[in-house]
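Next up: some structures, all given as structure tokens.
Here subunit A shows up in two complexes: once beside subunit B, once beside subunit C.
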Partner chain A sequence: MSKPKVGFFGLTSCAGDQLMVLNCEDELLKIAGEFEICEFTMAISGHYDGNLDVAFVEGIVAHEKDLKTLEDVRKRSKILVAFGTCAAYGGLPSMEGKFDFNASLKKVYGEETDFLKKLGTRRASPIDRFVKVDFVLPGCPVERDEFLITLASLRKGTLPEFFRRPLCCECKEKENVCLITEEGEVCCGPLTNSGCGARCPSLGSPCAGCRGPLEEIHFDAKAKVYETMGMPLEKVVEKMKNFSAPAWVVSGMEGK
Partner chain B sequence: MLVRSAPPEILETLFSRLSGTGKVYGPVRQGKAVRFLPLSSISDAELSYQRTVLPPKKFFLPPGETLLTFAGRGEWRVPDEEDERIVLFGLHPCDLHGIEILTVFMSDAVPDSPFLRRREKAFIVGLSCLPDDKCFCRSMGCQTSEKGFDIFITLLGDRVLLRAGSPEGYRLLRMLDGEAREPSREDRERLLNFHRLRNESFTLSLDITDLPEVLDLEEESQVWEELGNRCFTCGNCSIVCPTCSCFNVVDIPSFASGETKRVRTWDSCLFRSYALVAGGHNFREKRAQRVKNRYYHKQKGFVEGFGKPSCVGCGRCISSCPAGIDVVSVFKRLTEAYAK
Partner chain C sequence: MGKMTIGHLARVEGHGGITVHIDGEKVTRVDMDVYEGSRLYEALLVGKRYSEVASITSRVCGICSAGHALCATFAVEDAFGVPVPPTAKILRDLLIHGENIESHALHFFFLALPDFFGKKSVLHLQGDAPELVSAGVSLKKLGNRIQEIVGGRPVHPVNLCPGGLVSPPSPGELRELLSQMENHLDNVDLITSEVEKVKVPELLSREATFVALTSDEPDYPFTGEKIKTSAGEEYPLGEFRRICHERVVRHSTAKQSLYSGKPFMVGALARIVINGEKLGGKAREVRERLLPPDPSRTPLHNNNAQFVELVHSLEESARLIRVLLDSDTSEVRSGDVIPREGSGIGALEVPRGTLYHYYEFDGEGKVRDAEIITPTAQNLANIESDLTICAENAPLENRLEVVRRLEMVARAYDPCISCSVHIIRKEERGERSG
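Up next, the complex of A and B:
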């Protein structure tokens, strides 16, 4: 079997997911040995325009160049992976979904925004708004273990099946006391994808929702809980929207 | 079987005997949480604890357990059996019932050998307790235990009663004869007083006499719809339930070794993925259906299959629900609707 051809692409992002790949120091040589890494925005200079077996795409579409890159990568790739919460759900850059786009532009860049028009600056969006996504690896950044499991599966000619439960399950398996019921914190655990081992709540910090919303989220229940805790509902929505604003818009929850 | 009375210091002797037979786990307080953790001495244990976050099922059905490892076609191996005996110290009657229910269930049809092997190897020491406002074990008939322990300890102030529940427990109690004696008349009175105090301390109760029949009649009740609107289906109640044992099995390949582990993960019938089958059909698509299913399983399905509910009244689902749902009020509302 020939080595699968893979590429790592960074659209507008902090490049944290690509950095996570480079942080797999113990496995890097094995990765390089078993895959042909054709492109890597952060680690390889030069350009490759042949076909790929797998493309890992990090970041959001924030301007026309992002979109061109994304569409080009899609055309050349058999499997396209939304790599990290930005690509999958919009992530932190899409937080602006909570504000008025043009007003935000002016606030940041002042009155001279013509150059932004030339760049084709647009409202930040996750990649599934433009192209078909075959697989999602959420996380801010992506979990190292989940990335390596994905590579191992790809090497076997398949994609892994991650069992996504509400984060609460991993939190309870760690025997943490609930930060919602016991501490009155705004914790996004019940709405968020598991897979991080409830890292933040295990350290006493409520879940920020960085792994994005579960396939089925239950907004009304969440609303009721926080009402009884005497917390304004907007606070919860705002917190969830930090990492996944566009996903909430699609779910029809934006106005609530 | 044998009952002995002794001063509380006997627990130290008992502990040192037990630690000679295996690793001892007991209730340890860490901040607001109490967890069953390894004990290095009896003073590590919080004997007056109310409830641990996770029930002792974690010892028999550990989350994320590797069932087998395979590398290629036809090559597979099961993990080495754990040699070490474990001693579970300080389990309340509800948890003893929980283990018994799980054992019956896991022995049925296709016996679950990893579970049963671990259960067989465990030495269990029960511990008396007084209820808080979330305990309703008495309504489930689980406030005392007649089996499922090797030794049961009842704390009676400056005396403790030790009761043997198995031949092994009997032998161990016999070894403590130097420090323990036949319960005196006063010990017996104290025990009766303790039972009275315990039974009078319950503030939460639920009459389950006709519940399975009521459930038959209330399949279409509005209660389920309302509950479905309130419940996150986050799975907290299933994870902390002493008798919830549903699991999912996933294959996790390792990039480093090339081997794949087949792992079982705790699952819940509350999850949408639970009833998802080939072709994308979901036979419990709606949240209300899933919540209802969990309640029916505990108080109807299990009764039909095994003669009693699979709820022990430990109160963990009440204390861990972020939506503030409590099982007792749910069933009470149903029975009220039925009575109207």
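Up next, the complex of A and C:
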């Protein structure tokens, strides 16, 4: 098959996921050889407005311009990948803080904020609120290996299947001490997508839930598990919402 | 009145453009436009526990995530009076150098260098400058490897905590890094010769004010107890707002930093202007080869200043690892952190310049107020001032040439637009561009 046409796009974001593409230092030239990188404004000058086989979209919609870009990219892409936790679940900018959106604007910019909305500022949202997402690569940032596996599959005209288990499975494989039972830490492992090799617990730090919630969570069973470990489920969900608040509203588990 | 716009500035982090306002044949003003959405971190932080602050603020920026996480941690430690064991201090310095190597390699080789060869990207540069491309790629990789080994991840570190680090790297990992650093250091002269061949064009010449942290210690500083200006004034960290005096621009959505009513520049060039005498070893030699004795007249020297710092960070990292390998590195974390009501400041020279984090905490250690001032926010007014001078000297009838020059000047600052946006929301004044 001919070289797939790909584009990398950043909506409002920290650019950490696009940076992970550039962090594939050993593979970068090979990627550029196997794919036609049509658009990647962070690294390549020039604009492209033709059709794409695959679009990797990082970030949240927090500005009218984000929405315009997202809708345009969706229209011209066969496969749209939510690239990272912000795009997939809303990420940190979508977290629920002490203030609502309007009060937050005032806190940062002062009393007069109407002009911000006129200019296009809007409340942060993950991209699936606006367009169809074909594939999710979670992570804050995405894991390099998962990105490369995804590219390899795309090159063969397919998408990879990552078996998403609770992060605890990877933690157990590493024979880590359980931070919930042994240290009483609020660890998001049981609810979080695997794929990072349990980076934080392996160092001795509880999982922050940065890879977002598993697609299907059996809450009653999880609550029991946490209960036997002496940890209320609500505390864990509250922590997870730092990275994926909008996903929890939709799942109907808001109150859990 | 006419205008010339660059819609989306490529090869920088984030979404920004440039608008040149022209009256007849005269440039009246140049704006650096920012169209990144607001993420409102300072509001989101309120009510969060002190232990979450580093993890949350590292997400302000993917490229200098370690810098944000460290700066936030410094502020927490300042607020609660948390001691940090000497080994952890060394490892944190190593992390700072790792980030500096990665970020400078990214900007110098991947983002800025293609301009000097008239190419679209580093991928298109392979034929023209194979040695530079290959050095850039492997230096960037080394910077990431340092951050992965010390910080637990190349982007958004997970191994920092108030009081030190969560877990020390193994001696084997440190030895792996040291051997890579030694290889790179052996190669520095060769790469410097290649960099020397790249001529810095005369696009503008002006006087500017520079600001950087400084210290009474003899080392070239990335942390320090004082803020120093190129005019010679010094301020304690607690007075950072005197430097970063923010001006609310009512007709746009931006706040800009001014010092004594004037723009100023932070970053590698500012550090070399202010602390350059403290550079030693190979970095000093490279500085003499790549920068004029007074490099302050044009921001384009910031590119080579970054390369000089890259060499310094390589030498310093190798030295720090040798110290670590000769000592017991098991103690990397002080005892329990006891929150108390009060405030703390963190200040750090990150790749693009001085970063400040300020927090107020309640008695339980929850954030009551937060303030983050990023380097690009401080540089913005100076970028606009330099772009204006550059445009005044440019042949306006040749659009491509004007665009090329303005992009080179803006890019030389290595602007990180996402970083700056929580305090800069700048759209063009009146009409939209881009």
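Following the convention adopted for this analysis, the second predicted complex is superposed on the first by the 232 of 256 C-alpha atoms of A that agree within 3 Å, B and C clash if a C-alpha of one lies under 4 Å from a C-alpha of the other, contacts with A are read in each partner's own complex, and residues count from 1 in each chain.
Going forward, a contact is a pair of C-beta atoms (placed from the backbone, for glycine too) under 8 Å apart; a residue touches a chain by one contact, two chains touch by 3 or more.
As the structure is a prediction and not an experimental result, all values here were calculated from the model.
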State whether A:181 touches subunit B only (first), subunit C only (second), both chains, or neither.
first
Which superposed partner A:95 touches (first subunit B, second subunit C, both, neither):
second
Does the superposition put A:166 against subunit B (first), subunit C (second), both, or neither?
first
Contact-wise, after the overlay, does A:140 reach subunit B, subunit C, both or neither (first, second, both, neither)?
second
Output check: A:22 vs subunit B and subunit C. Expected answer is one of first, second, both, neither. What do you get?
second
Which chain, subunit B or subunit C, is in touch with more residues of subunit A?
C
Of the two partner chains, subunit B (first) and subunit C (second), which one does A:152 touch, if any: first, second, both, or neither?
first
Intersection of subunit A residues contacting subunit B with those contacting subunit C?
26
List the residues on subunit A that touch subunit B in their complex, please.
26-27, 30-31, 148-149, 151-153, 155-156, 160-166, 168-169, 172-173, 175-178, 180-182, 189-191, 215-216, 218, 220-222, 224-225, 228
How about subunit A: which of its residues touch subunit C in the complex?
10-20, 22-23, 25-26, 28-29, 32, 37, 40-47, 60-63, 65-66, 91-93, 95, 97-99, 103-105, 107-110, 115-116, 119-122, 124, 140-141, 144, 199-200, 203-205, 208, 210, 242
Residue set of subunit C touching subunit A in the complex reads 7-8, 10-15, 35-48, 52, 55-56, 59-63, 65, 106, 110-111, 114, 120-123, 126, 137-138, 140-141, 144, 152-156, 158-159, 161, 166-167, 248, 253, 418, 421-423, 425, 427
Touching subunit A in the complex, subunit B uses residues 31-33, 35, 52-54, 63-64, 229-236, 239-240, 248, 250-256, 258, 260, 265-268, 271-273, 287, 319-324
